[in-house]
Structure formats: C-alpha cells, structure tokens
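In the two complexes that follow, subunit A is the common piece, with subunit B as its partner first and subunit C second.
Take a look at the complex of A and B:
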C-alpha cells in the first residue's frame, strides 16, 4: 500500500511541472504587461517602468525567467507575488481555510441531496419520484453556479432578508455559498447514484439477500449501497478536489476570501507567480483527494485492496 | 440469361438502398420515441432559428447597443416584454442578439475541439507506442488544469475578443475529446476492415480518414453535442467574471453580470438571461442524451 502511495506521489511531479510550464508560457506570451498593471494609475516615468521590470526580473530573457522559476519550484519555492510582494505560498495559506470550509460544507450539501434522491429514484425507477429526481438532477447540471448564487441572494438576502448576500464570518455567511456550490455538484452526483444503484440492485446477491428475508432497509443500505458507492465516491471526490482548489465563481459572487478569489485577482493583474502557484496547489489538491478516494476504494472493496499490493 | 443478371443487380441495389435508409431512419425512430430528446431538439432548433434571424428581428445599433436613459430600469411591459436594463436598452432585443453570440461562440469552439481533438486522438490511437505516449502525456497535463481555469488563463493572455474566446474555450475542452477519439480508434484499429484497407495499399492517412474516423462519428457527435452545453456555460462564466466578451456586445453572461447591482430594484435583468442559459443547456443535454441512446443502444442502461 505504501509503495502504491509513493508511486502515485511520484506520478504527480511531471503533471505539476507540465501544468506550471503551460500556465507560465500562456501568461508570458500574453500581450498584457504586468508592470503596467502594477503601476496603473500612477502615471509612471519610463525610468520607473524599467526599474519595476528589473525588480520583478521581467527584463531577463524568457528562458532564463522560466528556468529560474522552475528551479525555485523544484526547491519548493512558489515565488513572490508581483502585486503584493508577499510570498505566494503564505498568501495561499492565508486564504486556504476559507476555501476548505466552503468545500467541506458544499460536499455535505451535495451528499445530503444526491445520495437519498439517487437511491429512491433507483428503487422506484420510472415512478413520479424518479421523474422528479431526474428533473432536479438535469436542472442541477444545467444551472450555472453564478446564476443560482444570484437567485439565492435575490430570494434570501434581498427579498426575505434572512441571510447576508456575501462576506465571511459565522455559519450565516456560509449557508448560501455552500448551497450554491453543493447544489451544482449534486446534479451529477444524483445521476451517478441512481445509475450505479440501478446496476447493483439487479445483481443476484441482492435477490439472495431479499430471499434470506432481510428487511428492505438492510438490503438497500448494507448490500446495495455499499457496492454502488465506488462510482459515487469517485464523482464526489473529483468535485471536492476541484472545490478545494478554489471555487472561483462561487467565491466571487459571495465575496468569499478563498483561493478562488486569489486566483481570479492574480489573473486580472497578470500576477504570474500567484496564478501558477494557485494552479500547482490545485493540481496537488485534486491529486491528493483522488489518492484518498483510491485508498478509500480499498476499504469499500477488498478485491481492489488486493490489487494495490501487487 | 441477361434478364437474370439485371434482376440480381436490381435486387442488390434495392437491398443496399433499403439498408441505407433503414440505418438513419432507425436512429431517427429511436430518437423520436424518446419524448425528452424531442423536446430538447425542438427547443434547441428554435433557439438556433432565433440566433440566425437576429438581424431581421432587431436593429443592432438602435435596439441593442445604443443607451436610452429615459427608459432605464423599466420592468417587463407590453413594449418591453423583458424590461429594460440600467441604461435603458430593451432586454429582449439584447437577449436575441446575445443568443447569436453565446451560441455562435459555443459552436465555433466545439468545431475547433472536434477538429483538433479528432486529429490528435486518431493519430495517437492509430500509431500507438512513442507517438501515443508523448501526445497523451501532453494531453494529460492539459487535462489536469480544470477547464474553466485554463479557459480563463488563455482568454486573459490573449485579450478580450470573440475569436480569442473561441480559441480559449476550444483549447480548454479539447483534452477529453482526444481521449474519447483515441479510445474508439484503438478499439477498431485491429479489425479486419482496417487490415483490408492496408492490404489494398492505403497509406496511414487514408486509413485514418476513411476507415478509422468514420467509426468514431457516433461518439464524436454525442460528445460534440454535450460539449456545446459546456461551451455555453464556459462562455457565460467568463463573461460573468469580466474576462470574456465585454459590453456593450450583448452576451447572456455579461448581461446577467450587469444586473448584479440592481438585484433589489430590477431583479429581472439577472433572472432572464439566466433562464435562457438554463433552458439552452437543458435542451442540449436532453438532446445529447437522446442522441447517445439512439446512436448506440448498447450504451443505454
């Protein structure tokens, strides 16, 4: 098992280097200039512009810039933000708790919606509840996050005045962003739960469990759901990983001070180290969650566990 | 004797003809039997019709971009069925032109994805070995960056224009299509008809184009259809974040974003473009699901 984990971590390295290189060159060959962005509104002299460019190291040839950045990266140094002058990693860690909180509660909302609806839809296939559940799932997939967020703000903040329209603080501030992000995720997860359950409940061992005289509840939860969980956990895991990397849109709508906002701000200011840093952390988050999901498989299915130790 | 030959020939061509008709009509019959797919198809066709006829329905200069301050922030009425926005432009006219932009960008981006994705996927799947390894590693790296983030970065770097949006969304959506085409090509490349093509002296390019790609058409059509929905979502998300298409050009995402300051007094500015996006994506997804079941009944659960 530990060998398996080690191998997976090693596989992550080329992905991180490759993704960093792609983002590096996309931002470097842009026709926008981070220096002008930084000095915007100050009416800088030519000397000041050159001075800043030199300080940021942007007057060096692109290949030198690339290898010096990559060199830092290999040593674990994500560089310094152009716009704030602070270390990217520190800046990221400052924002990460907010993102972690949002991602966790969104997952909670998503699980709470998708698993019960998915199970009942599968058991009562083609019933009115199934139709309702699948309509909900279709709408969940089709509704853009930003619109759902704004609709929730119109209803709960503007009309009813129950919840704040944005900001960061206690549970009150968390509800709308978590529902926005979680409902979006629930659409796909509901469909996955339904189709995975449908496959499992047709198996012979479910008939056997029923024939043994087990109660329907035990059959569904213990025998069916447990075996249907792998694809569901996979979908939830990918979504959770991406949310950990920063829910750019949800965080923007609700002025949530997470890494998604850091990323958007970085992109808007052409702050190359910040954007690459965020992308790297995002790749790490997605991979770590995927790895955790793969390890979880081993507990859900002993056959997979046997496969890992090979 | 000669009569006999003609008869055989006639039967042969008739058989051929019947088979050809039956295949496409079979797909159509299966598609037609699914109510949700037909609803999706009808709604989507209407949207395309609206987008294509936008130029006849409204006047771009007068109705769509020119401010009309005295009539600002009017709620829905007979004269303005969807109301007016913060500088008095008729929202319905802007929605109609917005359909042209949103759908147009999405279609163009998906065409880009299909061309590039099919080419890379087919080459990778056909040659295998080192070529496949290199292309797939590059593809994996692109795939490891989330779609929206990749599109945002490319759109920011290139600058705001419709062409750049198409390129950004096109590139961001390509990796998953490459995977699908590659998998399909790999599954058919060892079959007898490919061997026959080789035996007849066809070169690699001929085999890829005339034997392998036609076998990938079904998954490409299905994925392409569903990807239009993703592309519409991406276009509007980028515009919403202020990175995509800039006002005054109407696009559903930037219209929606423009209503954010008026959530209290004029919520319809935000509600209506969002409803249009949801309806469009829903119709495409229904149509795509139906198409998948119709083209490949084996996939149906």
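Take a look at the complex of A and C:
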C-alpha cells in the first residue's frame, strides 16, 4: 500500500511538469503583452517599455524564459507577480485557507443533499420522489453558478437581509457561497448516487442480506451503500479537487478572498506568473485529491486494496 | 396424508405474478406444497418453471414491483405468513427459514468479511454481543469445514466452493427449522458439487432441519430428497415420494425429463429431449400448459387445466390422460 502511494506521488511529477509547460507556452504565445498592461495609463516612452520588458526578463528568447521558469519551479519557486512584485507562492498560500474552507463546506452541502436524495430515488425508482430528485439534480447541473449565486444574494441579502452578500468572516459569510457551489456539485453527485445504488440493490448479496432478516435500513446503509460508494466518491473527489483549485465564479460573486479570485485577477492583468502558478497549483490539488480518492477506494473495497499491494 | 400439525410448511393455492410492461408473467399459478418436519422436498423443473419464485414467496422476498403474490396461503408451523407484519416476517427470515442462493460468486457482499456476514445473523436473531457473535461465526465456519481464522477474510479470497460453504454457514448460523436451497450446486464444479451436497445432507441430519431443495438435477433429488414435486409453467404436474415419482412416473412431462437423461449402462442410447420449448409465461397455452409438447395430448388437454389427482396416498398427477382407463406412459425399460 505505501509502495503504491509512493509510486503514485512519483507519477505526479511528470504530470505537473507537463501541465506547467503547456500552460507556459499557451500564455507566452497569446498576443496580450503584460508590459503594456502594466504600464497602461502611464503613457510610457519606448525606453520605459524596453526597460520594463528587460526587468521582467521578457526580452529573452522564449526557450530561455521557459527553462528559467521550470528551473525555478523544481525548486518550488513559482516566480514573482508582475503587478504586485510579490512571490506568487506566498500570495497563493495567503489565499488558500479561504478556498479550502469554501471547498470543504461546499462538499459538505453536496454530500448532505446528494446522498440521501440519490438513495431514496434509487429505492423508490420512478416514484414522485424520484422524479422530484432527478429534476432537482438536472437543475443543479444545468443552473450556472453565477445565476444561482446572484439569486441567493437577491433573496437572502437584499430582500430578507439575513446573510451578507459577500466578504469573508464567520459562518454567516460562508453559507451562501457554500450553498451556491455545493448545490451545483450535488446535481451530478445525486445522479451518480442514484444510478450506483440502482445497480447495487439488484445484486444477489442484497437479496442475501434481506433473507437474513435485516431491516431495510441496515440492508441499504450497511450492505448497499458501501458497495455503491466508489463512483460517488469519484465524482465528489473530482469536484472537491476543482473547488480546491479555486471556485472562480463563486469566489468572484461573493468577493471570497480565495485562489480562484487570485487567478481571475491574474488573468485580467495578464499577470503571467500568477496565472501559471494558479494553474499549476490547481493541477497539484486535483492530482492530490485523486490520489486521496484512490486510497479511499482501498478502504471501501478490499478487492481494490488487494490489487494495490500487488 | 400428514395432519396439519406435522407440517412445517403448508402452501395452499399460491399464485404469484410479475406485472411488467410487456404483460403479466404468470410465474406461479396455484401451487400446493406440504413439507412435514424433518423431511426434504425436492422441487424440480426447467428454468422459468417458477421454482425460485415459489421459494422467494416463502420468505416474502419476491421483488415488488413487479412481483405480486396474487393469492394463496403459506402456513409456516400453522401461521399464515402472508398475513403477518413485515416486522414479524423479518424475525422469521434467517431464524426460522433460511435460504441458500444459487450463485455463490455473487451472493456474498464483497466489502464485508465473511465472519462479519455470518455474525450479523446471529447478532440479529439471538441477541448476542458483537464479540460472542464473531465467536459463533468462527464455530459455524468450522462446522462447514473452513478454519475459523479465515473469518477475517473477504469473499474474494475464497474459491467458489468455499464461498458456497460460507453461504451455507450463513444460512445455518441460527439453526433454522426450514432451509430452502435454490440450486445450491448449479454454479459449482462437479466434484465440489458432491462435497457441498454431502455437507448439506450431513448438516440437515445433524441439525434436524426440514429442507426444500430446488434443482433441475434429478440425480440430486434421488440423492437428497424424501419427496419431490415436479413444476411446469408454474404448476405442480406431479408430486409424491421420490420412489413413487422415479419408479412409477405418471406425468408425461416427468417422463420427458427422465428420457432426457443419459443412460449410463447403454452408451449407444440417444437422449430423447422433450420437443419444443417452455411456453412464454406471459401467454400460457390454454388448458394444460404442457399440451403443445405432449405426445399423449388430446382434445380435452387444449381446453381444461388438469387438477392434481391422487393415485395412492401421496402420489399426485395433473394429467387428463388418466381419464382413459388403463392409460400408461410408454416410458422406456
């Protein structure tokens, strides 16, 4: 098992380097010039422009820039922000706790909604509850986060005045963003829970469990759900990983000071090191969560655990 | 004939249908079954004859929807289990009536240890503590010939034959009064089949259980059962003691089953299969469901469904041919 984890961590290295290279070249060849953006509104002379370009190292050939950046990356250095002059990694870590908090609570909301609705929908397939659950799931998937977020703000902040429309602080600042992000995630997770449960409750071992005289609750929770969890955990894991990389839309709507907004600011200012840094961190987050999910599989299914130790 | 008190199980006129979009599947159409204490009844029939449906009805585990028990009575030690609450029924399942399912590969939960799967039943029905239940699980495993240490292993670490032993252990963990075995050996190798069968026979005798053995293997019936009921299209066409049904076969379908067996002494003999196929249970033929395949069929068979009539105390046959005096099957030999 630990060998498996070690191997997987090693596999992360080429993934991260590859993703960094791709994003580096995409941004380098975009026709936005960070120098012009930086000097915008100052009516710079040609010398000033060249000077800034030299300071940022952008006058060097692209390959040199690339190797210099990658050299920094392997040492854990994500470069310096063009616009603020601060280290990208420090900037990122400053924002990360807010994102982690939002991602966690969104996951909590998603689990709280999707698993019960998915289970009941599966048990009572084609009932009115199932129709309701699946309509909800479809709406959850189809509703854009920005719209849902705005509607929640209009209702709970503007009309009712119960919750703040944005900002960062205690639990009450967290509720609306977590619901916005979590409901979107719950749509897919609900459908996944339902279909996975539907498959499991038709298995022979569920009949065996019933033939033992177990109550329906025990049959469903103990015997069915544990078998159905793998696809559900997979979906929740991917969603959690993405949220950790920064929920850009939700964070922007609610002025949540997380890494998603850092990235959006970086994009708006053509702040290349910030954008690349955020994408690399997103890539790392998704990979780490995937690894965590794969390890979790081993605890859910002994057959997978046996496969890992081979 | 047995008096009511001797019977562990008494099924009267059981009718079970599956109502699907394509139509109503008439799985069981009025079955009567009596099982005396410490007796073993074999239920024989082709796939789709209604054997498993009958068995699941006894546990009230027919998947609903689409399955519905349309009518009849199932008395378990004198109590009609079709009338009791689900809660009471749960106390019967696993404690009084246990079932062994067909496919050992899929009948065990892959994510729980075999020990836990056995312990669960005893904990539930006998009110044992967790640790006592685990100890009992180990003993039950030993009883079916698996070392108790293996109780912490998962089903995927066991072979097919071993898994079937575990399933037998789960079924017998609470010393049930009635054990229903639904084709318990079909999914196993022939050598393992013999072992599993021997084990079940031995445990049945030791624990003094009654048993219903569902199978399409006449050899198993001869080996294990006292009585036998032959099912065709959801009806009993012939029933009696094993000796009666095997030695003086009376129903054309039963005759067909025996004729489809290879004869060990006569290697040149050709197997004579029953012509045609089982009828579609959504559209059963009128009259006797077997008449399109029956070499003895005449007019009446296409119109009226034959009732079970008794020849002697226990030997019942549902066939119009016996209206004709002196009718005899042509069975070989």
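Convention: the second predicted complex is superposed on the first by the 310 of 310 C-alpha atoms of A that agree within 3 Å, B and C clash if a C-alpha of one lies under 4 Å from a C-alpha of the other, contacts with A are read in each partner's own complex, and residues count from 1 in each chain.
Quick note on the criterion: a residue touches a chain if its C-beta (ideal position, glycine included) is under 8 Å from a C-beta of that chain, and two chains touch if they have at least 3 such contacts.
Quick caveat, the model's predicted, so the values are computed rather than measured.
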| item | value |
| --- | --- |
| Fit or clash - subunit C, subunit B, common subunit A | fit |
| Which superposed partner A:286 touches (first subunit B, second subunit C, both, neither) | first |
| Contacts of A:213 with subunit B and subunit C, given as first, second, both or neither | second |
| Arrangement angle, subunit B at one end, subunit C at the other, subunit A at the vertex (C-alpha, nearest 10°) | 80 |
| Subunit B versus subunit C as contact partner of A:131, first or second or both or neither | neither |
| First, second, both or neither for A:227, with subunit B first and subunit C second | second |
| Which of subunit B and subunit C A:45 touches, first, second, both or neither | neither |
| Touching partner for A:302 - first (subunit B), second (subunit C), both, neither | second |
| Of subunit B and subunit C, the chain that contacts the larger number of subunit A residues | B |
| Closest Cα approach, subunit C to subunit B, once both complexes are overlaid on chain A (Å) | 13 |
| Subunit C-contacting residues of subunit A that also contact subunit B | none |
| Residues of subunit A defined as touching subunit C within the complex | 203-205, 207-215, 222-223, 226-227, 300-303, 306 |
| Residues of subunit A that touch subunit B when the two form their complex | 14-15, 18-19, 22-23, 26-27, 29-32, 138-139, 141-147, 150-151, 153-154, 158, 165, 195, 198-199, 242, 245, 248-249, 252, 263-264, 267-268, 270, 275, 279, 282-283, 286 |
| Complex contacts: residues of subunit C adjacent to subunit A | 59, 61, 90-95, 98-99, 101, 103, 106-112, 120-121, 124-125, 154, 156-157, 167, 170 |
| Touching residues (chain side subunit B, partner subunit A) in the complex | 137-138, 140-142, 144-146, 148-149, 152-154, 156-159, 229, 233, 236-237, 240-243, 253, 256-257, 259-260, 263-264, 267, 270-271, 273-274, 277-278, 281-282, 285-286, 301 |
